[in-house]
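Both complexes below contain chain A, partnered by chain B and then by chain C.
This part shows the complex of A and B:
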């Protein structure tokens, strides 16, 4: 997915115009010159996150041989990805493009990215290992990790106190808390029903299982696995008892509900903190963050939602320079500090997570450094998760399905089975090999 | 239709007239061509070429193998994309959906637009300019902004409408079940009635006042003047706006796309254009091309059908 800050805007832009999306820039690699040529090598970079240009400016100030030429494009889901894929097809794509982890495999399946493992592998240890894994498939590497979306539990500490509950550490405690809240006030709910493939994905990711994999040049699709079913049944159980409410998050109605105390908590990624703070100013000082509830008491596992890489697009003539520039942007302390401050990302670089800017106490969250919780979460997200090449179909399937479940049509376990079948047939329909 | 039979005239007079007419015709053809060229070029480049490209695309399929890494191949598959689209129940349901919405919403909206235009045109109307502006204003608002505003008005937890209804004991969610169709039809009516009203009103303005006066002298009231003189006179405007509205309904996108974010009753392929968008999002441009052509064919058949029907009626009357 696109960087979360731009999510709402993206949806609106997407709806705004069909025609504008088709326009494709002619800026390609005109400025690019081989290393042997005169003057610096120019690397084109298309990104959609606000403030990314400031980190690029830092790069250009400190490098003489390589210059990055940055262009701001629409967020991926609002046409940015289509623009990149079209540019690759037309042979005038930039060297670097901002691509979400969930979209990278579909770029690979469209033959739109280059394998840069040869140039990038020396930097592998600088990154959280599972983020590195998300940036490639089957031993190939298509981009450099930039940011992550480790999950935790956001909750209204004032209301938790009012209802006499503490931050639940296990999912059993979470269910008990949901019961207590709803029993005390029939209009209040502990949280909302998972609403997307990425919500359900992060909850499943926490269990250590995975939805996709690759083996012997074939895809494995395991969306409908025992752990997903466990998660699905858990949330269906809460829904059946009417302990959770089905409503879209990060929407005007939701922001009103979390301020008015109708919805008390949210299991979500680090980037949600900025959105909640910005859109629910009335609840300042009343929010806290605790680690994600666990299936087994005492564990520390978490899931991830969102995050992106700087992908190296097909046709790039300066693979080495482009890769190194992307590594610098993601790891240099000055660059990462700028990205945290101006773009609002949570860094994938291990050193970046220790930076003072990534550990600022927040007044909105009761004067605490909530990022300590997310750093701990990032370190405890199971390795090995892979996104599939058809997430643009899997996501609407889950999203539409979960909305229907919320309205009383079908159940989540049934939906999981349905999406599994639809995903396999969809991939086979594209000619991809899927092993059983 | 009326054929003229050449009267028995002096033959060389006729010949001379024909020659004059021919040279004038030549000049006319040349200047017509000159004026048509810019339109022709743009029409070819922006209409025919894309349609041709979409037609070609719809006959191919991208084929991959294994993990899909490596260059995909384009394979000719004939009409199998069309077959797949027609067998896709979500897509055919979306076509049916816009037809149903159109069948109910377009006549209602046209009726409302006609009534508003007649009211503005009636002799007793006051503040004509103000009302014309008020009716037209929703159309001037960007479609997406209007859709977002309506989505706020519909969402159960923040909607003043829902709140007011629940105060009188009616608990309704305007975004659930079949009510969402009413919600969308209402948005469309609100947005486009003003535009249609304006077209009809302009046509009403063009009716010679003598006709109305003659009717009144013969003892017609305002009602009968409207029914017997005004409505028949604006018939072409009514046909035009109806066809525009039908095309608009077939291409319904903004309103359901915005409500899609908040309504459980709207799927990602609620309307044909949303289904096409979904196909392009999954990078399946071939399927999207086939779906677009099917939608275009449906729109073509419906609007030409409406045109033919109205022409036949006109001839009968």
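This part shows the complex of A and C:
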């Protein structure tokens, strides 16, 4: 029972969970097997996406010896993650849980997930490679990828035409376009300032560098690297010239601004399409999607924001069955179709991205299949990115910091350096080993 | 009770008259600001619940646009096969059963702490007072581990049992009993041959009624707004109270729950609280006054 990269207190938690397991084993056994003892294996699954139960129903219809018992719990940010971690402590956690890629490392640090690479590796080729990397750390695999958030440039094609600009293909062109828009109309901005760790993370991800890593069973923190600084200086430059506006996206004011023509574009993930379509109905037919601008002309790299895996939680007794069930949910064409239709995800499975449901032209986006852009983006996202185990601290550090930068207090490059130091000391404070 | 009203009544009017006009205006402005601070979000909620998705973000947030309230309402009750009605029912069950049980338990405990001398009485009372100081959120995880050991997780009991205990209610009842139930009254009852139980139910409880309404309302609101406990305890969507359900919806705008549905649902979800307060508010006031004298 090697526990690399976990907190020192992790061992205590594990020991506590073992005792609790002993206490609950009678009922656990009951749940795991049918009345005759030879019945189907039941795999408990806690998810939060509304509509996920429909894909589970498809699984149960087509499988006789394994059944998934699905519970609809609160989303992670609304208490769902705390619930899973506590259930692991109490020894009555489900086998499977829906966990975001950014949260999976913290589950690993709390020793709340199982390494299932042994059972999952045969299915590795069915997924885009970087999603597989996000689902584990240091050669271990803690879950099966479900969905992704490849990024592209959302833009108002009608207003781009009005200001005489075309979708920028490089970040230099993007800066020039920002200048042109603001010169033509002092009230209009090409886009908003990155507002979170996940925005800045995706922009850095595109450059091929990474913020976290592992080496010799210790964490590496490289938030403050040359590429992050390049991204930070670029956006600081736009802000200094007042070419971007600092305001929170997906907020009342933002939805108003993208309809009124105050904000013309957004560098964001595929899932933003549904949000924009639903909350900015006044701009129907006026939006388009282009690949993310590049640092070097002719390249195709993109970044990712969001996405989740079906994690296999600590204490699961049927690792093989649970892993295979999770793989089926993420890869079976019927299941993926159901997930796209009912939960609005963008699939991590390569075959899933080719499905007709994942390629529906959208009237809102000018009758085009914008998903072709996102599929291309997903295929060109650099491999190797992992999130750190303390994202619940890194995210507010960046978010608050960027808000202050937007208000003129400090700069983004300074913020990156500050967050690097804070993250390292925060991780050490939690008892995680960090290599320098 | 009469002693209490007499004690406050002669004092208050002159104190009000002594204030200078400027001071009264100042006080009025401060109170008006507090009032606005409290009412503006409620007003926003009311206005927003009447808007269609189209108007929600494009029109003035504090004034009406399209009147779409009934369509929104239908959407709320149709979403996820009508689970909203179930959530409302669950909330009402947790609150009514929890607050009623907790009020009776608080009355019993408060009465015995105030009127029966026994060894360690002050220690018990102080421990309970100490528990008032601990935020209820802190209890959620230990309670979860206990419920898990007792195999109560994912049942109504997991939320109801913790709701039955209210340290603040016990404390308030004790103070209230000390202030409003004279020992002579209990003596008279005993001399007339009443059992202790009968004295409690038929003599003490009616006197306590206004204070009990206070405890009931306090606990009702506390249960209604306790979020973490049900999140941890309950797995199945059909057992959740409306607060958890709405928070889940809010996080699901990606999964096709429009903001308008969550907003209208939130508006509907505060109505029972408003009704409870309107019905019980005058007792609430009397009750608070009684506690304050002691």
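FYI, the second predicted complex is superposed on the first by the 403 of 436 C-alpha atoms of A that agree within 3 Å, B and C clash if a C-alpha of one lies under 4 Å from a C-alpha of the other, contacts with A are read in each partner's own complex, and residues count from 1 in each chain.
The rule is simple: a contact is a pair of C-beta atoms (placed from the backbone, for glycine too) under 8 Å apart; a residue touches a chain by one contact, two chains touch by 3 or more.
None of the values given here were measured: they were computed from a predicted structure.
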Side-by-side fit of chain B and chain C on chain A, or clash: clash
Partner chain in contact with A:108 - chain B first, chain C second, else both or neither: first
Which of chain B and chain C A:82 touches, first, second, both or neither: both
Touching partner for A:122 - first (chain B), second (chain C), both, neither: neither
First, second, both or neither for A:71, with chain B first and chain C second: second
First (chain B), second (chain C), both or neither touched by A:361: neither
Touched partner set for A:252, first chain B, second chain C, both or neither: both
Offending stretch of chain C which, after superposing on A, collides with chain B (from 8-16, 80-88 or 260-268): 8-16
Overlap of the chain B and chain C footprints on chain A, listed as residue numbers: 77, 82, 252, 256
Touching residues (chain side chain A, partner chain C) in the complex: 20, 23-24, 27, 46, 48-51, 71-75, 77-80, 82-83, 86-87, 89-92, 252, 255-256, 259-260, 271, 274-275, 278-282, 342-344
Chain B-facing residues of chain A, complex: 11-12, 14-16, 18, 77, 82, 85, 106, 108-111, 137-138, 140, 214, 217-219, 246-248, 251-253, 256-257, 262, 389-390, 392-393, 396, 399-400, 403-404, 406-407, 426, 430-433
Touch list for chain B against partner chain A, complex: 62-72, 142, 144, 147-148, 152, 155-158, 176, 253-254, 257-258, 261-265, 267-268, 273, 277-278, 280-284
Sites on chain C touched by chain A in the complex: 53-54, 56-58, 61, 80, 141, 144-145, 148-149, 151, 153, 227-228, 231-232, 235-237, 244, 247-248, 250-259
